[in-house]
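Scrolling down, you'll hit the structures one after another.
Common to both upcoming complexes is subunit A, partnered first by subunit B, then by subunit C.
On to the complex of A and B.
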């Protein structure tokens, strides 16, 4: 379901680095303004300590925390929390616009597995998306960890999970001008690194998936395996290379792209929720 | 003796010593290796599955590089009533320890350890939950 398109559009077309976050202790949604002030002070203090975020540029960082109720799956899910760091250089004129230098989003889409038996004082927002300089991510992350006694961990995506993603996303209905379905493989054990990029016309990929999927709305492991095997054997027939012996490192479709280092780009507002649901599931399995 | 797949070439059958233990190596990072093992299993005589077969899974140190469905290997072990050993062959210490384990298993399968036979492995495979 799309809520306010403006707000959810914030998530589209940006490269987000993924983290899993353990439940937050005593996080109070009514105190978002207070938290923004405290985080702002923390960032200023870290700057004083010499954690130069941008060398040579005098920046005042403003912090804004807001709720994104559009980003939730079920009733039990906590609405997402958006953190934005914006700056205005002291050199620029007073009435110039603040520029957003860093964004972070805590969310939970169909995270019932985690939130089911959670005690009262804990807030479940297991998926964290960060966009912007790593140094800001680190500072914001430390503040949240200290304040709410939680732990952030980078969320990597295994080749196994990537193959699920490409099978699911290639099967989605998209418009005529959709981009190709692309898979990138990294070949191990070579003296020089070699990457293989395999691009498929999106209509062909969807046609293949449609012949494989038995029940619309349901996807099984066997179906994903058959889909990938078809792609691999087609490639082998033409190039005599066994892709199943290489490492799948990145998948790209018109819906979204994902890299094994845990970097995701979401491209289609209609499927945003579906992608977040998948990522929430990955985050939860990393926590448990 | 190491082979990349089964069946073994028949030309050398008469020169080959008795086979006491077959270890199927699966690299968790390569779906191809699992498929290869699954195909090779078809060439193994049923009598070997009474404790003379084991699955050795390597690459488990890096869960994030997993290309195989996590349950696929334990299901394979159950289907063929054979033990599954997990290791990380790229680490020297683990490699040495694994080699020692396999050697010990081989001694038992070859009948060199009094009181133990390959059948002992099949018995140990039974899940306590099944009883």
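On to the complex of A and C.
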């Protein structure tokens, strides 16, 4: 389940912006080197056109594409594709190391729902994670869209999905020094906006979830609802405020954190696959 | 003029919005009116500050005068800083006559005997507020003028408002100097913090409109109707409920404007209780939570929750007691005894 720690560690502890990607047409895994060269030329051309990525510093952008076979769920899944943009300032000495300025990862973890009836020419990698400057994301995205006739769309995460995530992750076994299970609510439409952070000790959150979950390894909608209702009613008992009437915008646990704008951070290598599986599902719903 | 002083003055002027520079220099009074006339306030700030430094050079400014300009800036933009409230305590009840000169002398002496290098500046304001600026050094290093602490003391009250610099290690010494200088024997930090200094004063000096226990609510009156806008075909659903909420809100929050706080934090150590049909957690240990409310104007925000349908009226006393209890940090534990539903805050 957990692959080469080196490679998958690339995904941990970074803030990733999420996109859904429609299937790629005539994407050939053997041609990764070619694609890297083409993308590199495209980026250089865009820079000439005046797309200022970094002001004042002359940067040569190097592109690398690689496969991450560790990041897949089932046999049907396409192995993930990692895109890395690195730079070396023209001012710095020849033997200095390249610095990675932008990373993107196409992946599919248990995406059978989408890949099942897909014609041969299409490659299913519905989830895209981007880390780095928005301008690079835009350039790379444009190239992929033009080259493989696909569409990128920002993946927002609904309060409904966020509740699933927090319930699932709160139940995971973690070490003593784990961070709190935190839910952040926003009430924007008041005369003065209000934000509420509700953080629960991870042991107590897990204890609550353990009494709710009936079958280990399985989670039902009803169980998630009960978990959230318990948290809401404990809060209401103290403050008389109905959290269910506010907007859940962010959840955060020792496993991962997720924001409704479609930004996640994965913190625990053991559960990486599980988180990606959930996100793949969200991406597929958005595509279909 | 020392170049560190010149640089400090230059940076202080740069912080000031261009339209306010002339007024602030006038308040400072270090440059003559004639000198101020020579300044061109319509150029970019970089140039204005350079010219100011040149004039200060002519007048041979030292760090003491530069520090006064800094106090004036921070007094004008006091809400940029985060203020904490401290309360001093005396043994006896005697009201002593407050001697400002004596206070300043004792304060300086206490700090200077501990740390050779400190810059201490005082400035008094009309509302009886004494502003103190302290820049901290060590026996071997000159004071860091860029990270001073500010103290605001109203001598007729036991309260001190402190905006400490990042160097928290100097806080105990500062507190000591304050009690020695003001003839108190003890000082403690209150659990009350805000950007709005005036609101903190309102809260501890009880200058906001409180609701008293004997408050008699006025009977719900129809709101004054704008002439010509009455359409008798439009009725307000749930009017009595809306009015009930309005009345309860008024009782809880009072009539006047609320003091401005940016957050309230609650450490909950109460038991988790669910309704009996939910077959869930029933531990004997507390369900540990940390709840933080944030808003540009927290109390106004909380006041609007019930009318917006997001909260019950009356709102929980944990929230409405903030101004009365003069705190925005709380630790809530379960109350033992007959009423397991009620809470205590220590």
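What we mean here is this: the second predicted complex is superposed on the first by the 287 of 288 C-alpha atoms of A that agree within 3 Å, B and C clash if a C-alpha of one lies under 4 Å from a C-alpha of the other, contacts with A are read in each partner's own complex, and residues count from 1 in each chain.
Keep this in mind: a residue touches a chain if its C-beta (ideal position, glycine included) is under 8 Å from a C-beta of that chain, and two chains touch if they have at least 3 such contacts.
What you are looking at is a predicted structure, and each value in this text was computed from that prediction instead of being measured.
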Have a look at where A:245 lands relative to subunit B and subunit C in the superposition and call it first, second, both or neither.
-> both
Counting only touches as set out at the top, which of subunit B and subunit C does A:221 meet: first, second, both, neither?
-> first
Return first, second, both or neither, reflecting whether A:234 touches subunit B, subunit C, both chains, or no partner chain.
-> second
Name the contact category of A:106: first (subunit B only), second (subunit C only), both, or neither.
-> neither
Partner chain in contact with A:136 - subunit B first, subunit C second, else both or neither | neither
Determine, under the contact definition given at the top, whether A:271 touches first (subunit B), second (subunit C), both, or neither.
-> neither
For A:159, select first, second, both or neither according to whether it touches subunit B, subunit C, the two together, or no partner.
-> first
So which one touches more of the residues on subunit A, subunit B or subunit C?
-> C
Using the touch definition from the top, say if A:19 reaches subunit B (first), subunit C (second), both or neither.
-> neither
Check: subunit A residues flagged as touching subunit B and also subunit C 242, 245-246
Considering the complex alone, what residue numbers of subunit A touch subunit C?
-> 180, 187, 189-201, 204, 207-208, 211-212, 226, 229-230, 233-235, 237-242, 245-246
For subunit C, which residues count as touching subunit A in their complex?
-> 266, 268, 270, 272-275, 278-283, 286-298, 300-302, 304-305, 308-312, 314-316, 318-319, 332, 341, 343
Could you please specify the touching residues of subunit B with respect to subunit A in the complex?
-> 29-33, 35, 63-70
Touching subunit B in the complex: which residues of subunit A?
-> 156-160, 163, 188, 221, 225, 228, 242, 244-248, 260
